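Could you have a look at this structure, given as structure tokens, before my questions?
Note that the chains take the letters A, B, C and D in the order they are written out, and that residue 1 is the start of every chain.
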Amino acid sequence: MTANAPSLDLQQEMFRKMCLTRALEEALGRLHAQGRTRGPIHRCDGQEAVGVGVTAALETGDKVTTTHRGHAVYLGKGMDPDAVVAEIMGRATGACGGRAGHMLVADASLGMIGGNAIVGAGIPAATGMALSMQVLGQPHVAACVFGDGAAQTGICHEAMNMAALWSLPVIFVLEQNRFGLTVPFEAQSSVPDLSVRAAGYGMPAVRVDGNDVVAVYRAVQDMAARARRGDGPGLIVAETYRLEGFSTSDMGGYQDPAEIARWKERDPLTLARAALLAAGLQAQRIDALRAEAEDRIAASFAAADAAPLPVFEPDMAAMPYTAGRV
Amino acid sequence: MAVMRYAEALNLALREEMEADPTVFLFGEDIGGYGGVFKVTKDLQAQFGPSRVRDTPISEQAMTAMAVSAAMTGTRPVLEIMYADFLPLCMDALINQASIYDYIWNGQVQMPFVLRTQGGGGAGAGAQHSKSLDGMLAHIPGLKVVAPATPQDAYSLLRAAIRDPGPVIFLEHKLLYNQRGEVTDAAQPPIGRAVTRRAGRDVSIFATSRMVHEALSAAEMLEGDGVSAEVVDLRSLRPLDLGAITASVARTHHAVVVNEGWRFCGYTAELAASIMEHAFDDLDAPVERVALPDMAIPYAEPLESAVIPSAQTIRAAALSAVR
Amino acid sequence: MAVMRYAEALNLALREEMEADPTVFLFGEDIGGYGGVFKVTKDLQAQFGPSRVRDTPISEQAMTAMAVSAAMTGTRPVLEIMYADFLPLCMDALINQASIYDYIWNGQVQMPFVLRTQGGGGAGAGAQHSKSLDGMLAHIPGLKVVAPATPQDAYSLLRAAIRDPGPVIFLEHKLLYNQRGEVTDAAQPPIGRAVTRRAGRDVSIFATSRMVHEALSAAEMLEGDGVSAEVVDLRSLRPLDLGAITASVARTHHAVVVNEGWRFCGYTAELAASIMEHAFDDLDAPVERVALPDMAIPYAEPLESAVIPSAQTIRAAALSAVR
Amino acid sequence: MTANAPSLDLQQEMFRKMCLTRALEEALGRLHAQGRTRGPIHRCDGQEAVGVGVTAALETGDKVTTTHRGHAVYLGKGMDPDAVVAEIMGRATGACGGRAGHMLVADASLGMIGGNAIVGAGIPAATGMALSMQVLGQPHVAACVFGDGAAQTGICHEAMNMAALWSLPVIFVLEQNRFGLTVPFEAQSSVPDLSVRAAGYGMPAVRVDGNDVVAVYRAVQDMAARARRGDGPGLIVAETYRLEGFSTSDMGGYQDPAEIARWKERDPLTLARAALLAAGLQAQRIDALRAEAEDRIAASFAAADAAPLPVFEPDMAAMPYTAGRV
């Protein structure tokens, strides 16, 4: 491990983005309880360190793909909270004009392309972007964040084999939150430690504390440095826990409250706060960061509420007759 | 028997078939302890144990292939694919495996499996969780494809599907699970029979799945327009009950076909083509198709409701058919 | 330019586009040193190197997904899928990925990739290596689907496909690779235009890919039957050149549609439905469909030739259309 | 390794089946040169020890699936050479009435179901059969023979994970003949030794000399014994070499003649002959076995030549209208 520690500035920035994400998730939880969200919403509270840590280690020109649970990646890669919130709320001002919805957000200008609700599909997506980079001789990398459920899909195997075979600059970040949808990891995976699979592709693997944003950041930085050198892909297993059910449609009853409580003690925001304190930042400043983030998200929701709903336009490019005739 | 929800009718059918036949087993994502994300398999794992009600990893491609080969070797698997949108992952098993063996192996094997899934829009679930791929499925030789619109048909057709000697794709609809209705085991319609849900004189509306209910609402409105509409619930997309269709068109001379999938090369294309082939002389106007426009299903409410076929769009189509 | 084989015309198009645009690259199974099992990519790896002409593992599912995302990020991938029968493995990438992003992301990304494949029967390759899945592909919004029947179109349409800003499925035919014909770069038909291969007065035959040649043979025979047949090569399955179709039907009042895929819910269903919708009043008889029967493609010669549409079956359909 | 040596009788029987297969392949080669075969034919000469060794270790009630290159498995599992040859020659007397062709042969009565020309598809097929056995509580196993190319398919990953997760009685036999179609193994696989992937599923793996039929037999017997005990699946990598091009359509030019020559020295028939001699069988008897097998195949081809071609019948069960109407 040769990674640098993130600067204090970057640590603060990561904390801020985690706070934004947390505020977003909690607001969505409240709105859902009021019946004001649309479709299933997949919260990532408690897992913010993964999406934020990964994206913090990426550079301009690098790309990232994420899952149906991608809010931390959206915000981490620098998307405007207003655009993210408005998209989730189905407004014309959303990042995708309300067409995509919370699972499929993208901002191509930032290389965040994108959320993906077909489990596993973000893995070959990032691998294909890395292929493009290699063909063009670009110095960039692509990262994908995917779940422990997604690791069992065939497409994961095919993509990892090709990535390693061709030394593509891609970083596989397995966000191990211990559940697929309701089925625990142990009932989906034939091995208790998914990092062992990397050996099947001859690529390095590392397990990190997925609730420690600095640990995630460093692991990604390491793997990215390798990939930029032309040494190919690597696998990071970020160990975390899904606190809030698989989505707003979750009817519960299968998670162990004691386990949830144990993981809440290791809340990534708590850990990051402690690290900032240890690094010498004042408690007041840290709390101000969090409060600002909460205000920022509240403002985004207020703006989305006030924003117009989108107006339907047919997709002429997809129409099946020449000259767009229907 | 009783009034129950569509999801409960499915659950009952599964339970009864599992009780009657120890070779029936279920597998799919989150169908065990949790009872399925739409609760269709509720309590079945507790009754039948984890071997016969099995939670799977997220591996649709292999699961479907395994349903095919398990069915060849003495069991009757019932596979749940959580959303019809994931069926593209299952296509090799259906097209290159399930569909060919009965013929190319000269009847050496049977493949009595059921693939249950649910599709359709209207729930704000976005472009990857709202589709109906009915036309693609019904294109595949050797499969049966059924789509119940009522609790009674959910119950009866699922039982028939499980007992069928060949592969059956069983299409549920996410907006129908809470529909309530009387369910009896007196009526056991065979797969392949349409049913007239409402008689009419001026136009025949042929619809599938949830669109049957939209068609019935449209027929109410059309009453006000002075048009008497017949509504036929096809129930079985493949095999198609052509006799019921031509008989209805022979009475009304006008036809509207409704399906929630895309229009171009979709299921309504076949319906329109079949009707025009077999009832050309009876038709006074071209068959009107009501389908999803050829585009991705959008997320925001006003956009999604603009694309999903509805009573309004069916009514408009019926009016242009008769005028 | 020169007389060349269909496979050579494709090779030339690839070479020219790769020379003109360094972002074009090829990947697929056995396309590198070996030059492809149908030799379409012959010598290209030697000219452009192993990064731009890349042999892959057998991983169609991920390869297609990678073509989609590579195309989003600055390259123009041309992916070869060895047989159309393997496209079921590629469906998620086409249906749930390629087809949705242009719309749901509001035009933020372009996806200029080409998926080349070849289909069709007549080579004794059996049920898993002989299919045409044209109707399934043409069902997918946002894709273009083209099927050249001549060396000239192979050349011109492949160049157009590579330059197209969106995804194009490029359907070759295993029995056409050795067809010879004049190829020039003067004619650059845009994707989406049909062409009349033979003018006629009594019946319009609309055909795709190799079936165009069968239709032309049928037209010769029909001459002897006293029937003057027009043969229209659709070339582009999606978008469909409806204007060319309706103009032809307006002249002949009879239509036969021909495609090598399965009949039910297949490409001919859409053609029949579209024609009847847009030319109902011009039609004197129902549109006749000529397609593969709804069954697995058998291996033995007498069985396979009984199912593949031919000049004979097209002629019979035309005769029943006009009589 | 606890496997028993095969009895001398069984060793002779395996030798006989390898000779049958060899004679079949060579006859097909001659017929192809005369333009008398139909469609692509994938020969397995030089690899007979894999298909024959695997099937010899299976019992009645066990199932096997194979690839587009499955002649040794067809004959190994006990199919009548007449039926196999007639199927390859597209005759009404073929095992499938000429409907299937050489890549897709099946004999359900023997549990040989079947050949499969979608690369990788035989893997979940055998896994599904093992699932059936487990649900029914049967004491059987299912085996699949698949290629080193097939090992890179997504479906291989999904099937192996489920098989190991549920301890299904399935034996994965990877027939490593060093090529996909024309592309060498090294250009398809990110790891030089595919047996390492078994660790990613927590299952045992063994590499065996795929040209030594006894070694293959023993490895399968071991894995089958484990599987029957309920200990789940295992992976066998049988190392061999594809001598005759990928199919009759092969235009050559990519295999190294020196490498072919080296592998021909280790011809599985030569090795098996030596083993039989060492076990005390007389050379004369061995040569008689081979000659009988050659005669048997010649007779099968003669019978196929004389047999009628099939007559077309539509597949009414696949028809799309109720009551079989068209």
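Definition applied: a residue touches a chain if its C-beta (ideal position, glycine included) is under 8 Å from a C-beta of that chain, and two chains touch if they have at least 3 such contacts.
All of these numbers come straight from a predicted model, not from anything done at the bench.
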Of A-B and A-C, pair with higher C-beta contact tally: A-C
Chain of greatest Cα-centre distance to chain A: D
Distance from the mean Cα position of chain C to that of chain A, given in whole angstrom: 39
Rounded Å distance, chain A centre to chain D centre (Cα mean): 45
Between chain C and chain B, distance of the C-alpha-averaged centres to the nearest whole Å: 30
Whole-Å separation of chain centres (CA-atom averages), chain A against chain B: 35
Residues of chain C whose C-beta touches two or more other chains: 56-57, 59, 61-62, 85-86, 92, 96, 99-100, 103-104, 126-128, 138, 141-142, 238, 240, 264-265, 294-296, 298-299
Residues of chain A whose C-beta touches two or more other chains: 97, 99-100, 104, 116, 118, 152-155, 158, 161-162, 165, 187-189, 315, 318-320
Sites on chain D touched by chain C in the complex: 38-40, 90-91, 94, 98-101, 103-104, 116-120, 149-150, 152-154, 180-183, 187-189, 249, 251, 253-254, 309-312, 314-315, 318-320, 326
Touching residues (chain side chain C, partner chain B) in the complex: 61, 85-86, 88-89, 91-92, 94-96, 99-100, 103-104, 126-128, 131, 133, 135-136, 138-142, 238, 240, 262, 264-270, 272-274, 276-277, 280, 285-287, 289, 294-296, 298-299
Contact set on chain C toward chain A in their complex: 23, 25, 27, 51-52, 54, 56-57, 59, 61-63, 65-75, 77, 92-93, 96-97, 99-106, 108-109, 138, 141-142, 166, 192-193, 236, 238-243
Chain D residues within the chain A interface of the complex: 152-158, 160-165, 187-191, 196-197, 199-203
Interface residues, chain B side, partner chain A - complex: 29-30, 32-34, 37, 39, 55-59, 61-62, 85-86, 123-129, 263-265, 293-296, 298-303, 306-307
